[in-house]
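Input: one structure, supplied below.
A, B, C and D label the chains in the order they appear, each numbered from 1.
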Amino acid sequence: MRNSLWRTGAVFTLAAVTLAACAGQSSTNDTGASSGGSDTIKVGILHSLSGTMAISEVTVRDAELLAIDEINAAGGVLGKKLEPVVEDGASDWPTFAEKATKLIAQDKVATVFGGWTSASRKAMLPVFEKRKALLWYPVQYEGLESSPYIFYTGATTNQQIVPGLDYLKEKGKKRLFLVGSDYVFPRTANKIIKAYAAANGMEILGEEYTPLGHTEYSTLVNKIVEAKPDAVFNTLNGDSNVAFFKQLKSTGISADQMPVMSVSVAEEEVRGIGVDNVAGHLVAWNYYQTTDTPANQKFVAAFKAKYGADKVTSDPMEAGYNAVYLWAEAVKKAGTTDVEAVKKAAGGVSLDRPEGKVTIDGDNQHVYKTARIGVVQPDGQIKEVWNSGEPIKPDPYLKTYSWAGGLV
Amino acid sequence: MEGVLNQLPIGLSIGAVLLLIALGLTFTFGQMGVVNMAHGEFIMAGAYTAYLLQGVGFLIALPAAFVVAGLMGLVLERTLIRRFYGRPLDTLLLTWGVSLMLQQLARDLFGAPNVQVASPAWLRGGVGILPYNRLFIMALAAASVLAIWAYMNRTGQGRRMRAVMQNRRLAATSGIDTGRVDQRTFFIGSGLAGVAGVALTLIGPVGPTLGTYYIVDAFLVVVAGGLGQLRGAVLAAAGLGLLNSYAEFWSDASLAKVVVFVAIIGFLQVRPQGLFFVRSRALT
Amino acid sequence: MTEALLEIRSLEVAFGGFRALDGVDLTVGRGELRFLIGPNGAGKTTLIDVITGLTRPTGGSVRFEGHDLLGRREHEIVRLGVGRTFQTSVVFEELTVLENLDLAASFRRPLWSLLRRRRGVSEEVTAALETTGLASLAGSKAGVLSHGQRQWLEIGMLIVQRPRLLLLDEPVAGMSSGERERTGELLTEVARDHTVIVVEHDMDFLRRYASQVTVLHEGRVLTEGSVEQVRADPRVQEIYLGRAREGAEDAVR
Amino acid sequence: MTAPAVSVRRWQGPAAFAAVFSAVAVLALVAAPLLLEPFRLGLLAKYLCYAIVALGIGLAWGQGGMLTLGQGVFFGLGGYAMGMYLKLNDAAGDLPDFMVWSGVEKLPALWKPFGNPVFALAMVVVLPVAVALLLGTLVFRQRVRGAYFAILTQALAAALVILLVGQQGLTGGTNGLTNFFDFFGRDVAADETQRGLYLLVAIVLGALYLGARQLVRSRFGRLLLAVRDGEDRVRFLGYDPATVKTLTFAVSAGMAGIAGALFVPVVGIISPALLGVVPSLELVVAVAVGGRFALAGAVLGAVVMGYARTYFSEELPDAWLYLQGALFVLVMTLAPSGIAGLAANLVRRREART
């Protein structure tokens, strides 16, 4: 009895100390925030630096920091230097919401660049909408969203999935098998693919989902082999791609016989999968490291100079890099970092970026992007084999596509 | 129809993977009551050994990974686990802490992204639905089982190991140095994880979180098979592999995982101690 | 013997190929103090395990006051009135002596009434503290007790449950002679108003306290009777001599 | 030698506990809302939600010896019950937003009753308790325990996550349920609502703590300790340990459910990632660090680890995994009864000196 009482007492005292420490820390942060306000503009960077998504998101953070460095070297924005405040979303959606709140409420940043997974964006969305703050989201996603406080600098479905399908159709690949990780993007993408197929005389032979992080693909590969599709449309995410391609490769089916069109495999992922296993297969993006523009030569060189010659650049990195420039341009145009003014000024902002010309669509806050289909090369790079010729107007709800009528 | 038949060898090959990852666990868990959550990280260590030894030869990576992972296990046993015998739940949490640190260590040593381990040329191609690399894994699992069986039944060390497994106190009083036997078991159990890691490079990603994908499944095999039971582990792995393969074939991968879990709960209703177990009169 | 409390008929237990019990018949009447002896492996503890539900037999029957005990779960058998102790005593070390006894005494209370805190000490617990001589240690954690004290506490925990049949598995093993003395007294006291079966190796103890003795050998009942009768049985002498000469001579003398 | 005895006695008994408890209550209910700005107060509210789960783990594991690695399951059930109500309330007769983009056209039957707040709030407790009772009955009756039980609960958490993720139209998939507006007539994001929610969480935690404390000190609590230390022996005292364990497991599940329901308006999201294997394990770690044998230790552990996590992810994100792992190894090897045990030792030693 006596022990337990002492224990209780001691614990409660410690609880009090912790509480006090909480309070203490918050007050020091307060002063930090106010003193940093005058000669710099704080911007938040919020990606997963730990956990399963860190692999991908760290590279985007690096690209965004590079853009901030470059802008600062060129004199900053409105005569002020940009000061990045980097937070870790830890691959955990509520943490994204928590850190977003911290960046807005405590650090009082002018804008936030961040997120990768749809789930992290959905978790942050209410925070930005309720606090009327800006988020720049740099990754291709499933569409069907247009938040007034989010700018989407990655592709929406009509700039990636639909061109990918157009390409397969053009090549006569009419019988498709759909493979995806079990979450929002693949399911929505496949819904769109099925509607497209129905309207274009294509046949869907199978639709399979595996849990995130799944590594046992022999059964799925067996199903594919049995269905004998012309092509596979792959929306698997992350590590699953490695297992899927390794196990597909070992059946001996070549990329010529049955190409896999992937929308989540970029230069970085190719290295983990192993070039041997994925060479010859197709990918759909808006940017490759090999994309031939002057801006890209500069970007690739600058990135390698800053982070190492062995680094590769990829589509989401480039979209994050663009986001910083697009925001800075809108701020210059507005003459202030005020959110509403920046939003108003952003519409129509147009820049020549590594992927080519990008323009912000003021109506839905997405970006005009050029779609590019590529083939994975034996050296791990991706060679463009087709592009849309001009930037495609973003259409997150696919309103301009008649076959997509029943989708939303 | 062909697909249904194909699922049979596929199920067995899934079972072979399960068996490889669970084989070491069933002994560390069975003999020492140690629930080693860092087992997955020993698998990862084996996979990274294969990565580092690329070019030297895939077959050399197997014994090398056995030694690397085995030594890691030995160090863990000597420094920490030794203090925790008889407290299985505490070892579970302790080794989870170790596994977190090992994951971060791998991240710092090899980087967060997956690394590429190319399959050796002689494992390309296959027979029917089963690629050579799957057949290789099945052969490797079979060879491991045979080796362990021979070790346990044909060597003095193995017999001592069995003695300790069945009755630790009695073994100790009859002059067996149980500490040494524990070390050896842990070395072998962890080493087998390393071998499994090399095999997994043939079919899956190689990255710091590799172990986390397999650890829950491995424990389920051990639970279903019965502690320290070689034939239990073999049958449980084969059974779960087949169940998984057919459940996924007729539904999807997500549902298959749930089906497997429900099946194991149901199975434990009938055989609470797994397929096989050693009868004991001790009151715990 | 119409008053039979426990009736065991052709009980069989097999562990793998080993027949631990091979057709045991045993009848114990109300109020008896029965000793169960036999060499190692004779099946004494197995027999108790079967009665108390710890081991499932392969054949035979166990009836207690007209209830079939086989197939019931351990706690149900206890609730019918059969209590037991173990060779290595198990008391709850984190609880005090008083709490151990109180817990044992409360087993017939409805579960919801256990949610209240204990107020005061019930009469039977006080009595048990007296009987076992542990009153001065009532507030100490059971973890600090000596081996002998633990056994007494276990017996005390049995008494407060007021079982109609007590099964004691080697209550004096490993005890000092002083402790044996005390245990013997306790046993006599308990046997006054309970039916008791004691498994015991210690022949000295047996001679002093036993009334009826059953000898088990290789899973069968070898003989039954008073201490004198059993001692005179040549088969008993033989198994004890055959197993361990010195101890046996000592035992049979 | 008499002096310490006197001073100890003065500190003993219900009066001292009441004094300490009310001091902490004042600190938590009055000082914290005044001193902390809304963002930090929100974080504290989140930690206190976890502390409620930890309290349940302390009960099941520390007192009952059941190492449950799937507490996230019950947290999730409570959270989803609350989230479903809030979603339907916001949708006001329409379909919740995620169903629209998942292609669901009609409100699933499973969702319908959750539009009723009374039903939803009842389910917050009923669902986790029912699942725990079912699992407990199945598992404990068959005497599955110790590490086996731990592994099964872990597998349960993994299976539930897969199930939730796979049923996107029904559950929101990996995204979970998010973007809530109205919480019983108030704007859920408003500072006053959040402060009120913080107070609610703190009061619920306090009440549950007192309830759990009463349970531990009752005869049932003694019985629970006995089951932890000698399950088979308890059986021979005429109790069914399976019942004792199942009930305790259900109580701890109910606590986790309540915590999940409070978590949803406080943090604004409930998703499968919150109830998987890792978050469940992390809470167990927190309980171990705080001290599993004392209920107050479990609560403290959850708050301390939550705070440490936030602090390190702000200052040194890379170090967090090392630190968490190392802390854990150190606690398990050097101080198995956690901070609470260390503190108690320290106080005892000082008492012995004076």
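We adopt the following convention: a contact is a pair of C-beta atoms (placed from the backbone, for glycine too) under 8 Å apart; a residue touches a chain by one contact, two chains touch by 3 or more.
Protein names from UniProt, one per chain: A = Urea ABC transporter substrate-binding protein; C = ABC transporter ATP-binding protein; D = Urea ABC transporter permease subunit UrtC.
Note that the coordinates shown come from a computational prediction; the quantities given were computed from them, not determined experimentally.
At the far end from chain D, in terms of centres built from Cα atoms, lies C. The interface with the greater count of contacting C-beta pairs, when A-D is set against C-D, is A-D. With each centre defined as the average position of its C-alpha atoms, the distance from chain A to chain C rounds to 72 Å.
If you average the CA atoms of chain A and of chain D, the two centres end up 33 Å from each other. Centre-to-centre spacing of chain C and chain D amounts to 44 Å, using the average Cα coordinate of each chain. Counting partner chains per residue, chain B has residues 252, 254, 257, 283 touching two or more of them.
Touching of two or more other chains is recorded for residues 162, 165-166, 232-233, 318, 321 of chain D.
Among the residues of chain C, those touching two or more other chains are numbered 86, 90. Against chain B, in their complex, chain D makes its touches with residues 61, 65, 67, 135, 138-139, 142-144, 146-148, 150-152, 154-156, 158-159, 162-163, 165-166, 231-233, 277, 281, 284-285, 288, 318, 321-322, 324-329, 332-333, 336. Residue ranges on chain A touching chain B, taken from their complex, read 52, 54-55, 58, 182, 208-211, 213-220, 222-223, 225-226, 239, 242-243, 246-247, 250-252, 268, 271-276.
The touching residues of chain B, when paired with chain D in their complex, are 29, 33, 35, 80, 83-84, 88-90, 92-94, 96-101, 103-104, 108, 216, 219-220, 223, 252, 254-255, 257-258, 261-262, 264-265, 268-269, 272, 283-284.
By the touch criterion stated above, chain C contacts chain D in their complex at residues 52, 73-75, 78-79, 83-84, 86, 90-95, 99, 102-104, 106-109, 111, 114-118, 157, 161. Listing the residues of chain D that touch chain A in their complex gives 8, 11-13, 16-17, 20-21, 23-24, 27-28, 31-32, 35-40, 42-44, 46, 100-103, 162, 165-166, 168, 173-176, 178-180, 189, 267-269, 271, 273-274, 290-291, 294, 296-297, 299-300, 303-304, 307, 310-311, 313-314, 317-318, 320-321, 339-341, 343-344, 346-348.
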